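Letters A, B, C, D, E and F mark the chains as written, and numbering starts fresh at 1 in each.
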Amino acid sequence: MPKILVLIPIVTENLVEETEKYFKKHASEDFEISVTNLKFGPASIETYYDDEIAALFIVKEVEKAEKAGYDAVIIDCFDDPGLDAVREAVSIPVVGPGEASIYLACMLGEKFSILTVGPPYIKRLPTPRIRRMGLASRFASEISVGVEVLNIEKDRERTFNLLVEAGRRAIEEDGADVLILGCTGLVGYAEDLQKELKVPVIYPGLVALKIAETLVRLNLRHSKKAYPKPLPKKRIYPKGIE
Amino acid sequence: MPKILVLIPIVTENLVEETEKYFKKHASEDFEISVTNLKFGPASIETYYDDEIAALFIVKEVEKAEKAGYDAVIIDCFDDPGLDAVREAVSIPVVGPGEASIYLACMLGEKFSILTVGPPYIKRLPTPRIRRMGLASRFASEISVGVEVLNIEKDRERTFNLLVEAGRRAIEEDGADVLILGCTGLVGYAEDLQKELKVPVIYPGLVALKIAETLVRLNLRHSKKAYPKPLPKKRIYPKGIE
Amino acid sequence: MPKILVLIPIVTENLVEETEKYFKKHASEDFEISVTNLKFGPASIETYYDDEIAALFIVKEVEKAEKAGYDAVIIDCFDDPGLDAVREAVSIPVVGPGEASIYLACMLGEKFSILTVGPPYIKRLPTPRIRRMGLASRFASEISVGVEVLNIEKDRERTFNLLVEAGRRAIEEDGADVLILGCTGLVGYAEDLQKELKVPVIYPGLVALKIAETLVRLNLRHSKKAYPKPLPKKRIYPKGIE
Amino acid sequence: MPKILVLIPIVTENLVEETEKYFKKHASEDFEISVTNLKFGPASIETYYDDEIAALFIVKEVEKAEKAGYDAVIIDCFDDPGLDAVREAVSIPVVGPGEASIYLACMLGEKFSILTVGPPYIKRLPTPRIRRMGLASRFASEISVGVEVLNIEKDRERTFNLLVEAGRRAIEEDGADVLILGCTGLVGYAEDLQKELKVPVIYPGLVALKIAETLVRLNLRHSKKAYPKPLPKKRIYPKGIE
Amino acid sequence: MPKILVLIPIVTENLVEETEKYFKKHASEDFEISVTNLKFGPASIETYYDDEIAALFIVKEVEKAEKAGYDAVIIDCFDDPGLDAVREAVSIPVVGPGEASIYLACMLGEKFSILTVGPPYIKRLPTPRIRRMGLASRFASEISVGVEVLNIEKDRERTFNLLVEAGRRAIEEDGADVLILGCTGLVGYAEDLQKELKVPVIYPGLVALKIAETLVRLNLRHSKKAYPKPLPKKRIYPKGIE
Amino acid sequence: MPKILVLIPIVTENLVEETEKYFKKHASEDFEISVTNLKFGPASIETYYDDEIAALFIVKEVEKAEKAGYDAVIIDCFDDPGLDAVREAVSIPVVGPGEASIYLACMLGEKFSILTVGPPYIKRLPTPRIRRMGLASRFASEISVGVEVLNIEKDRERTFNLLVEAGRRAIEEDGADVLILGCTGLVGYAEDLQKELKVPVIYPGLVALKIAETLVRLNLRHSKKAYPKPLPKKRIYPKGIE
């Protein structure tokens, strides 16, 4: 039975149990799901800074996962921190919820917007990543609802209402016809938003799960020509990392 | 139990049985698969001309499928003929193997090439479609191996060798790091090509199947804002079409 | 004397006479103009759905026109339905008013907007086509005035006023400096709009006529390398089509 | 009877008579054609340097033409020197053969190449202009046959053979399906090249003529929003210029 | 000691002294700065028309500068008039403040806006130049504050306040995170604007100076493959020009 | 006297002394230069993997540098590892040699190629980064000469000859007119390559130095709107890191 590791790339432990329940519920029956998180790194990921604080530890964790016999890994964060490096490091498929859900959005409509969290003054433009993917012409906008990642759950109704309002703006002002939730912490909102807003609303964590299952089933993995194995060389780590 | 219709958009009947076996073998157990083909249209699809000869009949067939209670439809041809029109016509997900496999290729590497069939002097540039998707910067090349669609099976070894040679050119000369088989008629080659060429080789029919299953499972469908329902109006058809 | 066929790609017959008068009035004296419409297909074209309902019959009509000795064909609809397929089918020039007027607009300014009809909730984004042409960076916006194609003539003054208002928005809000009327049904508005709005306003039907004349005069036609002749193969049609 | 001025933007006088014959032969009967050249400027245009040496005098000549009652002007050089400035200066249509033929090429195929002259070490990349037009994705290549502009006529057969060879390379190696002659000095080659190479070959001078006639007939001119009239201010010229 | 010529490409003499003081103040001590202006040309540059009225005289002035032993030239105008031609003409580095400051802006943020002068109805879209540079995806907007170039100094406080307001719009409405002053006449505003608006504000004249110094120090100059030397040929000039 | 820190983002100590000599030699006299390297991280940077192994330690080192009063930091590696994160973390300018030299290359010609090192089978496509910058249309190619970073110095003549050969291919086959050395380890080759190849050859380390000096002199730094300060939150590090 193939095994998928869901790696929550932050040090916040209390998400593990809930995440495990959620992914197990949605996984196909012929897959075994494990969830883990980082020992070192940030409490949440909201900036490039957090990406880089986490990346080294993500890389190391995924190397261990490959050795432990996992068949695929999901880095459970919309930012896909460390994704390129990890794909060089290992030969099993590594799926980024951000990347996977953006491509899926392009299959469902013409223009997508990303509804995200994080305080509005920490509003990150997604355009560098989107430009890198070559999809600038399909991108409508990114709108932050101004809730910090670790506060999403504190008032679900308020978060939901802010997402509805942001989604409406994305559709009416920016021309979006598909919406992506820009944080894997936004669990359980997509269905209700979809009903309210009448356009597809994508939750990236589930897309990552289904793409990971698909890659395992179809015996596909990322190209080692695009992500070649790093040569062995001296690399020095702090104590406790290897 | 959700039902997926695989519509082979040509009049060549002898593919139905084999296709049904193949899709049933690869479908998840909780999906029911049916396969059908067109009564009117071309014997194979190799040109825009064939696309348009088929499109009207595809549209009508998918409208029937929605009424018959299908949960998703796959138009089983890499060209995705009639896809936009069909998505306007119905509210169930309609998956095009071409579109789905191109986006999946972008998740697996940086540059993809398409290995296709059809006589080389009927070589169609994929760039209009790729440009339309906004993915020109990720496209390496399209190479036809010069076999007519209906002759693919006549000499599998020759077809395979031609695909290996074309794949090598795509990788070495055009910089591709992922390959897509550009015809759903190329069943059963991907695995062996992958072993030979050491880069991912994508068979679009299977990707379409897994994306269709994913959309049904995640309760996602194409955006009716992007593909709005056509207004009723007078539309006159030849006898036998409605 | 060279002959141009204007094919109105819909089943609405009462436009033929008026269209014929209009095109004959504007054609150069050394060209013979004929106008015809479809026997099968939609009453008007407002969606991809209508495009595909019409395309098969357009293809067949243009094949007949080539055999009948026409020197060029205009598909008299801004959507250019079936254009690629028709260009594969025949060797005479086939001009699409949409394509021709978009390129002409690019010769007259920096950014063009398209003013179109059709109910606003059937508002189609032109971006896929524009992206396919590679002209996304020259496109300002498309604005629908919310009148169904078949109702354009019912209240010309209202239609005109709506076009003025939409044109103003395109210029002031979207940065357009050239306007294109996005429906060949909008006959006779361009001159007055141009006076009112002080920017070029292009009526696509006339541009198609002049480009068709130009291609015939300069002995140019579309590239058979880009649009190769489809191979003969079995193609099955409903009764009454061949 | 509307009047079109063909301005040869160089000081080489002996081209005027022949050019006049050629344009008069191809003009529609209801247009009056005049041809003139510059008193100051370069003997031929092969570089940005020549463009700028000519531009001031082109601007002044076209300002005179507008005052003299011309209805349109053609700047008879593929480089379209001074085109933006001239369009600001006057309100009559000013057509550039380079621009006009590039857009027409896009109506006839997917990818165009430009076959041009000038010594090969003076090979100018067309990409800045093409990028500016937003058409980089439609451009295949530019190939110089290495003949100086003023030597084109010295050995027509050699020039023709070099063009055939360059055209073949453009088609086979670069994927071009339409060819443009990149110099208005290449008069009289297009038809024979077209027969030889089996793809459309565009002579830009004639395209400019037909586009100019079209603009006059359809009462279209370039957008004064895109090309606003310069404010009066002190401008000091050398003696003999005003 | 290397010498840099700052060429003010207009006939307005009273800017020379002040410009000389300014550039000498900011130049590195090991560089000698001279400033000159044009004898022929426009009083200020606000349109393509002014660019082309100036370009010939700029070309001639820079040719003289190279012969006189200058090591680099700055064309002191944001429009970079005649830049390509001048780079062909000479082998010393020629720096355009517009080009240099746009690339520097891209090193400091994701999206830049240009705050410029000139009456608003003479508002020029920067997009052709930006598209030509290939940077359309990094451009947020250009906003003119509606002051004619020659009136900038008449009321510095008003000009400053208008720039603040325009900058705020660029940041809040258009998403800019870096601002460029779009006229070298806007001397001395950048620092205060930067304090007020909290994003980098770039004065292009100084950037050009530092880039010119850098090129001289690093022994870099523009590519003669990109800007090849024009061949000698007959070029006729009005009296007083050579 | 302003101070610039040159951070060599690898653990290889023996480069520090030589690098310090080199940068001190080329720095302007009014700048103080310090050079340091990492205690943790890879011995050289040749992959995304190495980027991510280094990034955390780079971030921490630059945070210390800001506190220690440095006025600017150069991350002395063509890959610019951790650049975005570092720019969020601090308010002093942080210059990446890769980014800086790519923009400078665009000031010197039309198309640049990158000549780099690292074993050829570890050949990294630069296109993701170039696409992200929005400069895909200016990029000609990247060619690796197949020498590992730590072996560059072992046989300088061989390395030089390989660079000449690769440069020639870039110019003749790929259309490059400017070359960039794609590794800051390639010290001291640029001048000789430039003489041999007759196009500008850019050494990124020096460009970074001059851009850093320029930013300090002009009081410019990266936009905090583009790179906002990360919020304080729990972030856990291994022992020895803080």
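One rule holds in what follows: contacts are C-beta pairs under 8 Å (C-beta built on N, C-alpha and C of every residue); 3 or more make two chains touch, one makes a residue touch a chain.
For clarity, every value in this text was computed on a predicted model and none was experimentally measured.
Listing every chain that touches chain B and chain D alike gives C, F. Comparing the chain pairs B-F and A-F, the larger number of C-beta pairs in contact belongs to A-F. Distance from the chain E centre to the chain F centre is 28 Å, each centre being the mean of its Cα atoms. Chain F has its Cα centroid 44 Å from the Cα centroid of chain D.
As a whole-number value, the distance joining the C-alpha centres of chain C and chain F reads 53 Å.
For chain A, residues that reach two or more other chains under the stated contact definition are 110-111, 125, 128, 131, 133-134, 136-137, 177, 226-227. Applying the touch definition to every pair of chains gives A-B, A-C, A-E, A-F, B-C, B-D, B-F, C-D, C-E, D-E, D-F, E-F.
In the complex of the two chains, the chain D residues touching chain C come out as 26, 28, 95, 99-100, 103-104, 106-111, 133-138, 171, 177-178, 191, 194, 198-200, 202-203, 206-207, 210-211, 213-214, 217-227. Residue ranges of chain F in contact with chain D, taken from their complex: 110-111, 137, 175, 177. Contact residues of chain D toward chain F in the complex are 125, 127-128, 131, 136.
Across the complex, chain D is touched by residues 11, 39-44, 46-53, 55-56, 59, 82, 84-85, 87-89, 119, 121-125, 128-129, 131-134, 148, 150, 226-228, 230-231, 233-241 of chain E.
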